[in-house]
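Pasting the structures in now, so scroll down.
In what follows, chain A forms one complex with chain B and a second complex with chain C.
Moving on to the complex of A and B:
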């Protein structure tokens, strides 16, 4: 039994290190500080989204709209800077407001309108995919673009904004750590501390594990649920800001792949340390796990479909870890 | 209703005629039927793909040429629903259109629908979808030429021997055609060594490709040339090259162009050296012109090919080209293709 407990608890971490060891031998140049930083950078955006969706998973909900919130925030940032010619601060604030408002609406639909969470956020996803295209009539946004009315947009992405995607901090080696990685790490620590150690976070877990019991115990369940969606929306919009800063333009995209990768990371996170429940640490490890896999496979020239396949296998294995081995999945 | 339409048609004809007169003062000839009364001509554009800059520009080209001719254009957009697109052809037949442009789609679903339209006496042209019908002219942008132009420039810039990274996703028809040229090039120049092949269509594509390209660059730091024959791929590769600080050591060659591509190519020390592109608006114009020729009883030929243009970083900087409008204005070969242009055809670009 002890062995089995150990396997559940540390199995996934061991698998992660095994994977790193394998790629270190099989792929030249895999082990280097730059390579490690790059793995974090490649998962920074989906990682931030995954941390947000973890908050909704904690209260027993789900948020399908995070991918489109991220791409909508990206379009909004581009629109604010390129078309309205505002500065980086305005753009960032606009994105965060959009994320919070979308989260509020999601929460309101789910809590007060009693729309099931998957359906409400699915509707929001479609709404946003359409909405983000209306201001430019479906065009991507870049400096010098022609607007639907024939005028030319002359604004540009501010240097401060681009720095969010491109600036690198010195860390032993000069120009090593990109801002997006720092954002990911800071947000991961914040949400981890928030969910594990604050009363607010523990109450969110209580709502998620038994809503009725939490309500009878006097917890404002509705407020906690709405807050979870606001957190998710704001995190998704932060992901969108990072995406815009990296791409340097507003790209029309549905963000479905961002959604799927983020959800995969959060679900893989269930298996980490045998938690068998959504948790921020697990989500972060899950995101890094996917990053390591993709980096290693790409370095070994594996085509994209094998990468999708391997991603799927990892997710299935993680879910088996969670539900079968731990036996805590049955409620 | 009839009167207004006729009036409108006359007005449009008058305007178009005026343009034609200014253009060719000596000829001033009448247009063949049915374009002597263009207001009565109804054509439909049945689309499979519509989101994205390329398709927006294509549509604007179709609209511009339809307007120049003065015909009534209906746009039916199936939004990537193959079955709906086939139904829309039937819908267009029921609307009583004289001509249909099929834009993209799947051979399997469109072949029968296109045949039904032909049987109903409607003239049909198809862009970038093979409907396997000898009566239907195929409008194509030559993907092989696109790839060839970009690669010839790569050889011109870098010599005949280099290590290359190649971005490719199999199973996408235009990318497959571009790939054929790449395969030929590797055979022709034995010094070209493909160190890595990667690619994905996960959206946002540029972001996903950037992640892959970073991994490839750390595995093969000696790559000199990146061939990314689709502009979303090239944007992703450029992000990775910039992040790795290799922008002065690597050159990117691609296909397709947009305003944001132009901005990326114009950046100081940009790795993106050249791209080959067909103007989607011109392709749209050519589609309408080929259809108009059919309606006038002329034969545009079975394969109507719109030639691509090579656009280098140097062109953009020397001519101070900042967006697609500048590009059309300052590279005339990009703005207009002399394809399907009989003497009576109005040129929508003529000012």
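Moving on to the complex of A and C:
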């Protein structure tokens, strides 16, 4: 029994370190600061999205619209700067507002219109995928593009905005850590602290576990649920800002994998330390886990098309850890 | 009598694990008679019904139908043999998205010898035949989801009757019906009684029972505690057999209260109910008792801000009190330990400590950050004071016994100072020693607040309260100081006698 408890608790962490050890031996140059940073950078955007969706999982909901919120934010940022010729601050604010508004609408649909969470956010996902293409009639946004009315968009991505994607902070080695990784780490710590140590986070867990009990304990359950979707929307829009800054254009075709990767990271997080529930630390570890795996496989020359398969295997294993072994899934 | 029994149960036993739910139940049902089965929660009524209707196997004893051995292994077998059950939850009996005609013939859609193709014309013909026989005046093309609860129930019963059963079992059929709707159901049951069906009718509503019963059987703790078949029926006797004192308990010293804390005036909690007025004093423990469904939970929820009264005012600490939400009630110092802890109380993902602190996070945190040291200290103190049996405050709730879980629910609220402390069925699924512990703690800590308990079992009221109020038909009909209680009068009030004959 004790062995089993240990396996549930530390199994996934052990697996992560085992994986790192294996790649360290098998793949040249895997153990280096640059490689580590690359792993973090590759998962920064999905990680941010995953942290946001964790908030909705905590209240017993789900947010399928995060991927499209991120790409909408990316398109909005490009539109604001390239077409409307505004500066970086306006672009960032516009993105955050979009995220918050979408979150509010999701929450309103789910709480007041009683649309089931999966369906409400699925609908919102479709809506946004379409909406983000309307202003440019389906074209990607870049400096010098021709607008539908024949004019030419002359604005450009501000240097400050691009820095969000390209600047690297010095950390022992000059120009080591990209902004996106710093954003990921800061948001991870913030949401972790919020969920684990504040009374709001605690009550969100209570709402997710027994909504009726939370209400009878005096909690404004509806408000908590709506806030969870707002958090999710804002985090997704931050992911979109990072994406826009990395690409330097509003690419209509990018961000396809964001939703599934983020959800996978959050669900893998259930298995970390035997939590068997959504948690910010687990989500972060889950994101890194996927990053390590992909980086290692890439360095060992595994073909790119095996990536999704590997991610799927990891997710299924993690879910078995969570539900079958810990036995909590039965409740 | 006895020889003309259509259905006979003899020495039926059933255990779950090592808990015996039925300890040898024997009863008879006669053709053309309505037999009412009464019993408090946990008396074993539902288990009995489930065995008769083929949902559970029985552990011992025998059943016979028209002299033949009857031991259904599945609900379908029971129905085929002629024993039909209409369960408590109306919507379990009908399919909401289909029309009335399909619902009336639902059980003919599967089984052997049924055509593969769905023929709407044939379904409608069959449905019409069923409806006509029952005198059912409902549009056959209407969707069930557009019908009232009463109409849905009529459909469920009509379908059940299409098999021409010999025995019909109804499990609390009126619990969600209005009185006008119930009247229609009774008319239908009268018709069935004339057709010679033996009916077993399970209910807590005294008005139903007075209207329908030819015989009453009381159940208590898994055995038959009384059979009443001599007219006029002894309703008080039946209630006494179901709820009355089992054992002479040690008397409590009833206290009087000088200072009132909570006053309700002219509170109406249901359409057509008489207003409720009550005053609760400082240091007083008051129990409100009454059968299931008389409005105890509705009153508790009204006091706690979960529902709004139709009229009337409340005063707490001399100030008007009209909570719009549970949060407002708690802020005013009104706490509720809700009934059904599994559903309304326990947060399954939280350990004992986190369950105890749940409503009072704000008081245990600074700048929104929870102070876990305080949280833990409070939990440890409560575990000790209430004698919660556990390894530590970090234990999972699921590892605790029912009594200890309930203690955690009480601890959750008693850890902070209340002005009005309400407990709805706090002894449900709680063993006797935990019940004593909780009652003792409530009495010991009673000063400085008013304590209000809602209990169905009279014993629970008698061993905890200073004052006992009786509820019937959504209002308070009697009051007793808990010293030399006139049990006869109390039971009569529970049975709703005087009030009912006056109405």
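As a working rule, the second predicted complex is superposed on the first by the 327 of 331 C-alpha atoms of A that agree within 3 Å, B and C clash if a C-alpha of one lies under 4 Å from a C-alpha of the other, contacts with A are read in each partner's own complex, and residues count from 1 in each chain.
Definition applied: a residue touches a chain if its C-beta (ideal position, glycine included) is under 8 Å from a C-beta of that chain, and two chains touch if they have at least 3 such contacts.
Just so it is clear, the model here is predicted, and its values are computed rather than measured.
Visitor: In this superposed model, does chain C or chain B come into contact with more residues of chain A?
Guide: Ranking chain B and chain C by residues of chain A touched puts B first.
Visitor: With both complexes overlaid on chain A, does A:146 touch chain B (first), chain C (second), both or neither?
Guide: first
Visitor: Please work out whether A:294 is in contact with chain B alone, chain C alone, both, or neither, and reply first, second, both or neither.
Guide: In the superposed model, A:294 contacts chain B only, not chain C.
Visitor: In the overlay, answer first, second, both or neither for which of chain B and chain C A:206 touches.
Guide: In the superposed model, A:206 contacts chain C only, not chain B.
Visitor: Which partner does A:198 contact after superposing on A: first (chain B), second (chain C), both, neither?
Guide: It touches chain C, and chain B stays clear.
Visitor: One more residue to check, A:114. First (chain B), second (chain C), both or neither?
Guide: A:114 contacts neither chain B nor chain C.
Visitor: Pick one for A:277: touches chain B only (first), chain C only (second), both, or neither.
Guide: second
Visitor: Let me test your reading of the model: by the given contact rule, A:166 touches which partner, first (chain B), second (chain C), both or neither?
Guide: first
Visitor: Need the overlap of the two footprints on chain A, from chain B and from chain C, as residue ranges.
Guide: In chain A, nothing is touched by chain B and also by chain C.
Visitor: Flag every residue of chain C that touches chain A in the complex, lowest number first.
Guide: 304, 306, 325-327, 329-331, 336, 338, 343-350, 354, 358-359, 361-362, 364-365, 368-370, 398, 412
Visitor: Using the touch rule from the top, collect the residues of chain B that touch chain A in their complex.
Guide: The contact residues of chain B facing chain A are 50-53, 56, 169, 196-208, 210-212, 214-216, 218-219, 221, 235, 239, 242-243, 245, 258-260, 262-264, 322-325.
Visitor: Show me the residue ranges of chain A that touch chain B in the complex, using the header's touch definition.
Guide: Spelled out, the residues of chain A in touch with chain B are 27-30, 32, 34-35, 38, 41-42, 45, 71, 74, 133, 137-146, 152, 166, 175, 178, 243, 246-249, 251-258, 294-296, 298-301, 303-304, 307.
Visitor: Contact residues on chain A for chain C in the complex?
Guide: Of all residues in chain A, those touching chain C are 197-200, 202-203, 205-206, 208-210, 212-220, 277, 331.
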